[in-house]
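Across the two complexes that follow, chain A remains constant while its partner is chain B and subsequently chain C.
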Partner chain A sequence: MIRPALAIARVKLVLELRRREVLFAMLLFIAATIVIVHFALSGAGAGGERAAAGMLWAAVVFTAVLGLLRTFAAESEDGALDALLLAPIDRAAIWFGAALAQLGFLIVVEVIAVPVWWLLFFQHGGPRILPLVGALVLADVGIALVGTLAAALALGARTRDVLLPVLVLPLLIPLVLAGVTATYGAFGEESDVLRPLGFLALYDLVFAALAWGTSEHLLGD
Partner chain B sequence: MDAPAVSLSACSKRFGDRLALRKATLTVAPGETIVLLGPNGAGKSTLLRLVAGLLRPTAGSAQIGNAEACSAPRSLRAGLAYAGHRAQLYRGLTARENLGLHARLHRLTDLDIDAALDGVGLADRADERIDGFSRGMLQRLALARAIAHAPGLLLLDEPASGLDAAGRLLLDGVLMDGLGQRTQLIASHDHELPARLGVRTVHLAGGRLA
Partner chain C sequence: MRALGRPSTTIPLLLSLILIPLTLGMTFWWTPEDIDQGLSQKIFYLHVPIALASYAAFGYGAVCAALYLWKRTDDWDLRSYVGVHSGTIFGTLVLLTGPIWAKASWGVWWNWGDKQLNVFLILFLYYCAYFMLRFSLDEGERRRAASAVFVLLGVGLIPLSFLAVRIAETLIHPSVFTTTGAAMPSSFLLTFLVGLAGMLSLMALLMAIELRGKRAALRVLELQRRARGEDA
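Here is the complex of A and B:
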């Protein structure tokens, strides 16, 4: 499954490098969100670590949904999904390849957006970097796995642009709660972050297994 | 006795309120070529997509070999090729990259991409992105992809659409080469094609096999 998944992920990353349809929109959205919320919060005098953590995770999730809306766009454009479905590969490889590409997009976006968030909210101090990065990476994996599964579910629907957020956002609530807890915990003791990081890892494992088991039936007619 | 390459048994397919295919029964022997003729909306494309396993029958069955087409094992899918109305290619990739992806997914380690493109007259456009290709060039590339892995079952849905005279000759050559060598099921509006190939014709109208 790994080889075809890597081949599919590579194609999607090459297409994005050439067309710049997804990443540019995601970057613009997350940067605008962080800047606008920063000024909104500071104007009201309602800053603080928890608010900053919450707004980062809200921005990450909504930005991810923006990217997920284009998950199978290249495959739908000219029927390329049919060619993938007919190939002698495990159909889970199609989902996994798309999830890998989404993971790549999210990491690129966060590499640029998180420093901006840090500079705006924490002129002095800030959360410990390692737990924050750990939480973001684990959450990115979960968002990519679950989001791509939801994108596959919504693929045949005429209203998929509406259906996808409706499907995916409730599933991401536990992930956001754990991410905020881990980020807020990163300001305090090391033990404060272990439980949410463990939860994120468990979430990833559960949804990876679920998606792997169901993708054969989700993709196709 | 060998199992038929393709067998439809009282196979129906419904899309919402519309019955696109009605209780179609058809058997295609290994190595046989059949041309499906019929007007637009007759059910030709639906029949081919059912055989390809891209659609699940609403009733009845569509089999390739001894397996249901929609749940055919990878070993059977490896010997199947389907080229439909759409080119089934990635528009942002070059012709070479599209065939390269096909080779990787089908584990064709020894596929000569240059020769495959040369065979359909696209050798000099190999490294161009296909979003600038004409309909006929896309059709040629789709044909190259369809036969690249030497399938035992070739399903073509109106393969001549968009092709120029040279392209049609090329297509006829591919179909002729396949006679007796592989099972071919071709949906077409070209009523002279069965005579040129010397093969059986099946007529479809209103979702029914005549």
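Here is the complex of A and C:
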């Protein structure tokens, strides 16, 4: 289970390094989203650090959805998915490998985008780093798990690219809510952060378990 | 296609015909008027049972989805679809009656501080996406499995949404409207329970009718295929 998943994730990352299809698009997209949300909220006056936190989370989620659109693209275009399905590996491994690659993309994008976001909005102060990074990492895990699951469901649909965001976004609302709460908490005292971080971990566990249990039904026959 | 028993329409029809008018009668002539909210509180006997019936339908849809994945009998897929479909129709009613109540008692059409409303909105968006998923896949095994998996994910989403909204409340919305304690007069409770039973019967009736219709439609398709000489 783990070894085939790691192999699938590695293939996806190597392909990305060669083709550079997704990462650059995600980086440009997250930058554009932050700018758009910033200007869209600029009339709202106050807000300040809270508005900046909201901007970051909105941008992260939409960028993740952009990346997810290409999750199984290479496989389904080359017919490699059929070969993968025929391979004597667990179907959960295919999903898990794709989720790992997605997690990798998200982390790379955030490693570049979050410091820039910080510089743009917090010349003085800012949220505490540890809770913010913790919230982002836990949320990335959840987004990758749930997003890859939805991408697997949408596989083979006539309107896959339109369908995927519609499937994923409602599932991610609780995650965004907890992420934003954790970020607000990171501006304040220690105690405010633990509950949303715990929630994010619980979210990851619940959806990992649900995906695991249903994974044999996920990818086409 | 093998059908799993024929759902009764007579019993839920009789129950709805008795219980729903009874609820309305009890609401307007028996329960005392609420001191704070006055007449507008009476929508409670309609709004809350509809919401609970909607949750019940989603729950039924999820149970049938799990049974489909386990047994692989097409009829469970059909039942699961009917559950989610009826739940979404009732959900639309919840999202229509909720704002009416909110406007009458709080003066706003939508209150982002209310936990129940927010959770319901998330779930409504989620179950609407179910129909997009289902109808953009071609009819067959794959569509049935994908629909079932999606409905089962909702089982995780419902409690997580409640929890997330609760956690966020402390930092995002300082609680404005505190719920008063459980000091509900017995006439309130009884009317509410009769209303709930009425809505559940109506839900069962609608689901039974839709299930029969869907089965008939599938049967027609099958016969047409056979008439054209394509073996079913």
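We adopt the following convention: the second predicted complex is superposed on the first by the 208 of 221 C-alpha atoms of A that agree within 3 Å, B and C clash if a C-alpha of one lies under 4 Å from a C-alpha of the other, contacts with A are read in each partner's own complex, and residues count from 1 in each chain.
Here is the rule we use: a contact is a pair of C-beta atoms (placed from the backbone, for glycine too) under 8 Å apart; a residue touches a chain by one contact, two chains touch by 3 or more.
Keep in mind that this is a model prediction, so the values were computed, not measured.
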{"item": "Touched partner set for A:Leu84, first chain B, second chain C, both or neither", "value": "first"}
{"item": "Which of chain B and chain C A:Ala74 touches, first, second, both or neither", "value": "first"}
{"item": "Touched partner set for A:Arg19, first chain B, second chain C, both or neither", "value": "first"}
{"item": "Touched partner set for A:Leu210, first chain B, second chain C, both or neither", "value": "second"}
{"item": "Which of chain B and chain C A:Val11 touches, first, second, both or neither", "value": "first"}
{"item": "Per-residue touch tally on chain A - higher for chain B or for chain C", "value": "C"}
{"item": "Partner chain(s) touched by A:Leu218 [first = chain B, second = chain C, both, neither]", "value": "second"}
{"item": "Touching partner for A:Arg3 - first (chain B), second (chain C), both, neither", "value": "first"}
{"item": "Residues of chain A contacting chain B in one complex and chain C in the other", "value": "220-221"}
{"item": "Residues of chain A that touch chain C when the two form their complex", "value": "146, 149, 153-154, 156-160, 163, 166-167, 169-171, 173-175, 177-178, 180-181, 184-185, 192, 195-196, 199, 202-203, 206-207, 210, 214, 217-218, 220-221"}
{"item": "Residues of chain B defined as touching chain A within the complex", "value": "52-56, 70, 74-75, 77-78, 80-82, 84-93, 97, 101-102, 104-107, 129, 138, 145"}
{"item": "Complex contact set, residues of chain C against chain A", "value": "69, 122-123, 125-126, 129, 132-133, 136-138, 141-142, 145-146, 148-150, 152-153, 155-157, 160-161, 163-165, 167-168, 170-172"}
{"item": "Complex contact set, residues of chain A against chain B", "value": "3-4, 7, 11, 14-15, 18-19, 74-75, 77-80, 82-90, 220-221"}
